[in-house]
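Shared between the two complexes below is subunit A, which pairs with subunit B and subunit C, respectively.
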Partner chain A sequence: MNETLRRILAQHGKLAVDAASLGETDDLYAAGLTSFATVQLMLAIEDAFDIEIPDRLLNRRTFASLAALESCVAGLVGEKEPA
Partner chain B sequence: MCTACNTFLDRLIDRGLLIETGVDGLYGRSGAFESVIDGFDAAISRIGGGDGAEVIRFPPGMNRALFEKSGYLKSFPNLAGTIHAFGGDDAAHAGLVERLAKGEDWTQHQALTDVVLAPAACYPLYPVVAKRGPLPPQGRLFDLNSYCFRHEPSKDPARLQMFRMREYVRVGTPEQVTEFRQTWLDRGQALVGSLGLPFHLDVANDPFFGRAGRLLANNQRDQRLKFELLVPIDSEEKPTACLSFNYHQDHFGALWGIRTSGEETAHTACVGFGMERVALALFKHHGLETARWPDDVRRALWG
Partner chain C sequence: MTYVANSLIERAAHVAAVAARHADSVDREGRFPHEARRALADARLFGAMIPKEHGGEGAALSDIAEICCQLAQACASTGMIYAMHQIKASSLIEHGAGAPWHEDFMRRVATEQLLLGSATTEGGIGGDLRNSICAVVTEGERFTLEKNATVISYGADADAILVTARRALEAASSDQVMVVLRKQDYTLEKTSGWDTLGMRGTCSDGYLLKSAGATAQVLPQPFAEIAAQSMLAMAHLLWSSLWFGIASSAFGKAQAFVRAEARRAPGKTPPGALRLAEAGEKLQVMRSTILDGLRRYEEAKAGGDDLGSMSFVLAMNNVKTAASQTMIEVVNLCLMICGIAGYKNDTPFSLGRELRDALSAPIMINNDRILSNSATLLLAHRVEQRLAV
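Presenting the complex of A and B:
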């Protein structure tokens, strides 16, 4: 999942730094992530993991770091798959 | 006399302050209504006129290519108004006239023109500023006023489809533009207070479209980028934004390539005055007859 998220970040994040060099908890906004780029990220992540991020998670915290994104995606993928 | 004047809109129309056109949100305005708009416009100038803003008046239509680049369609596709014109030949014209007579769809040969309706007074400004090259060290300040269009027909008289927006727009360093916004947050409250209107300030978001829009709206609120000065007009529960104070960060600066004198990407901020909304708020709270408005309100408007 981490690799996929890094690839999506590199493709859609329009960051000022190399997505491969990002630490798990590095602040993506500080790395240059803009509001409009988060929209592209959201669409690409939903597409890649076949999920729909619910309204309650459509906020800055969800997109704040790789770790935050992983936790969001893991939760939604988990909800999707029957235990 | 109107026998069923239930709503504020009904009373405004009955009194002749607004003139119906048959389309919700599209009204003519009487002389009395316009004198209030003029008075408020002058009151704004009395406060901001000494700041040395460059006055520019754009027409209510803007260059479509620049509008497309502005990103407005990413965020507000449902509100945009595009202008089309007939592009057919004689035969197509004959067909148009025939379909029109039959009450059928006649728009087959209507094609996009190079003009769209301005959605906000400041949209045509940013490319003009970028074209002038790097900003001077003190940045720039503009005074704008334009008819704007937003496709949102409503019976709420404070939600017009075509309305005037006066704006001051600051372009400069983050420090310069955030100081500008704070100054106008203070000035705006003093101004509306001098008009005897009840109001409060609140963090706000633009009406971004769709699911992506909810993310953008939440981001905007989280960062406290937009404040609105709200006055109850059509309803107490949902007061109307009469002034707005917006910090765009480097959104327009990066989009249009506006640079500061230090070769950084410029930041921008604006204060917007909803001219009709303020006039409507005054009619709502002080009555439909301006001659009976409190003296201090009349003085604040007309000196």
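Presenting the complex of A and C:
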């Protein structure tokens, strides 16, 4: 999942730094993530993991770092899986 | 000092009366409203929103919004100057708490009644708040910063200016900080004037700003956070509040005009009354929109995740674009009602100043820029389809 997220981030994040070199908790906004790129990122993540990110998670915290994105995606993928 | 015993709103009413007396000369001569600024300082209104523990009165946002509205009914430039000052003060209040330099400076704002200006707009960037070309150049505990600031309202009369810039020379254009510069920290070289249609008293000249200071003057949080958590919402809400003041001023004149007509021909409803009803409806929509925005901001600040959500950004964007547009519609209707008496510059029903001041609103951070930001957010966010909150 981490690799997929990094790939999406490299493709859609329009960051000022190389996505491969990002630390798990590095601040993505400081790395140049804009609100426009956030939306592109979200659409790509929904597509790649076949999930829908609900409105309650559409906030700055969800997109603040790779770790935050991973826990959001993991939670939503988990919800999808039959119990 | 004379008015401090009175409520904020009573003091604002006194300042508004001063502003009203000079509004025409401020507009005609395109000069800074010195009289109103002095009255605001005498009434201790510049530090109103600063928390009590830092020397202010801890006023609620809704009170500040009301003051902006009252001032703008008298003189829109004064209302805008007060609003912009409070927007800057909010950055200090929300993001300077805990930082000794900024806490100390906040106290100075309150005790010395300092006027705060803003330099976000930059040559080559325009109204795109979240990008900068200029950068803070740090050496040890000191920095220098140079900015081609194409619009700084009352730059010449401000006691301090809050400036956005990239964090460092090698930082990305959106990796910004906000720096507090006191008058002794900067020089301003005027690069353009402010001979505009309206908002002439804001004296929003362009300057080459050159500054040096201590790194402690840089607000600790990234500007991205400052913009998202307080500044954008504060700007849209307080601007809209003063715009409501402009619209109400125009409406007051139109209503007086219609009533005078009604007195002249008793028993008949004057033709302008229908348009007045239409303007009244728009005024109510505008007022409800602003009040709802103020309530949402205060609730979001009190806790929860709302401040950082897309839905909150969209709501604040909508307050700004709707209020700016609706104000112009109201003033236009009032002009239709008053007719030639509104069009002339020397009658009790003159609406030229209101109309010209109002036209600044959609271009003050261009509505098209804001709508395209909302358009992007709507690719993700699903709008509320329930009426209940």
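Methods note: the second predicted complex is superposed on the first by the 83 of 83 C-alpha atoms of A that agree within 3 Å, B and C clash if a C-alpha of one lies under 4 Å from a C-alpha of the other, contacts with A are read in each partner's own complex, and residues count from 1 in each chain.
Here is the rule we go by: a residue touches a chain if its C-beta (ideal position, glycine included) is under 8 Å from a C-beta of that chain, and two chains touch if they have at least 3 such contacts.
Nothing here was measured: the structure is a model prediction, and the numbers come from that model.
Asker: Contacts for A:11 in the overlay, against subunit B (first) and subunit C (second): which applies, first, second, both or neither?
Answerer: A:11: touches no partner chain.
Asker: Counting only touches as set out at the top, which of subunit B and subunit C does A:42 meet: first, second, both, neither?
Answerer: In the superposition, A:42 touches subunit B and subunit C alike.
Asker: In the superposed arrangement, which partner chain does A:25 touch: subunit B (first), subunit C (second), both, or neither?
Answerer: In the superposition, A:25 touches no partner, neither subunit B nor subunit C.
Asker: One more residue to check, A:2. First (subunit B), second (subunit C), both or neither?
Answerer: neither
Asker: After superposing on the shared chain, does subunit C or subunit B touch more subunit A residues?
Answerer: The larger set of subunit A residues in touch belongs to C.
Asker: Between subunit B and subunit C, whom does A:60 touch in the aligned arrangement: first, second, both, or neither?
Answerer: both
Asker: Could you list which residues of subunit A make contact with subunit B in one structure and with subunit C in the other?
Answerer: Common to the two interfaces on subunit A: residues 34-36, 38-39, 42-43, 55, 58-60.
Asker: Which residues of subunit B touch subunit A in the complex?
Answerer: These residues of subunit B touch subunit A: 71, 74, 211-212, 214-216, 218-220, 222-223, 251.
Asker: Quick one: which bits of subunit A touch subunit B in the complex? Just the residue numbers, please.
Answerer: By the definition above, subunit A touches subunit B via 34-36, 38-39, 42-43, 55, 58-60.
Asker: If you look only at subunit A, which of its residues touch subunit C in the complex?
Answerer: 15-17, 27, 29-36, 38-39, 42-43, 53, 55-56, 58-61
Asker: Show which residues of subunit C lie in contact with subunit A when the two form their complex.
Answerer: Contact set of subunit C toward subunit A: 130, 171-175, 222, 224-225, 228, 305, 308-311, 313, 373, 376-377, 379-382.
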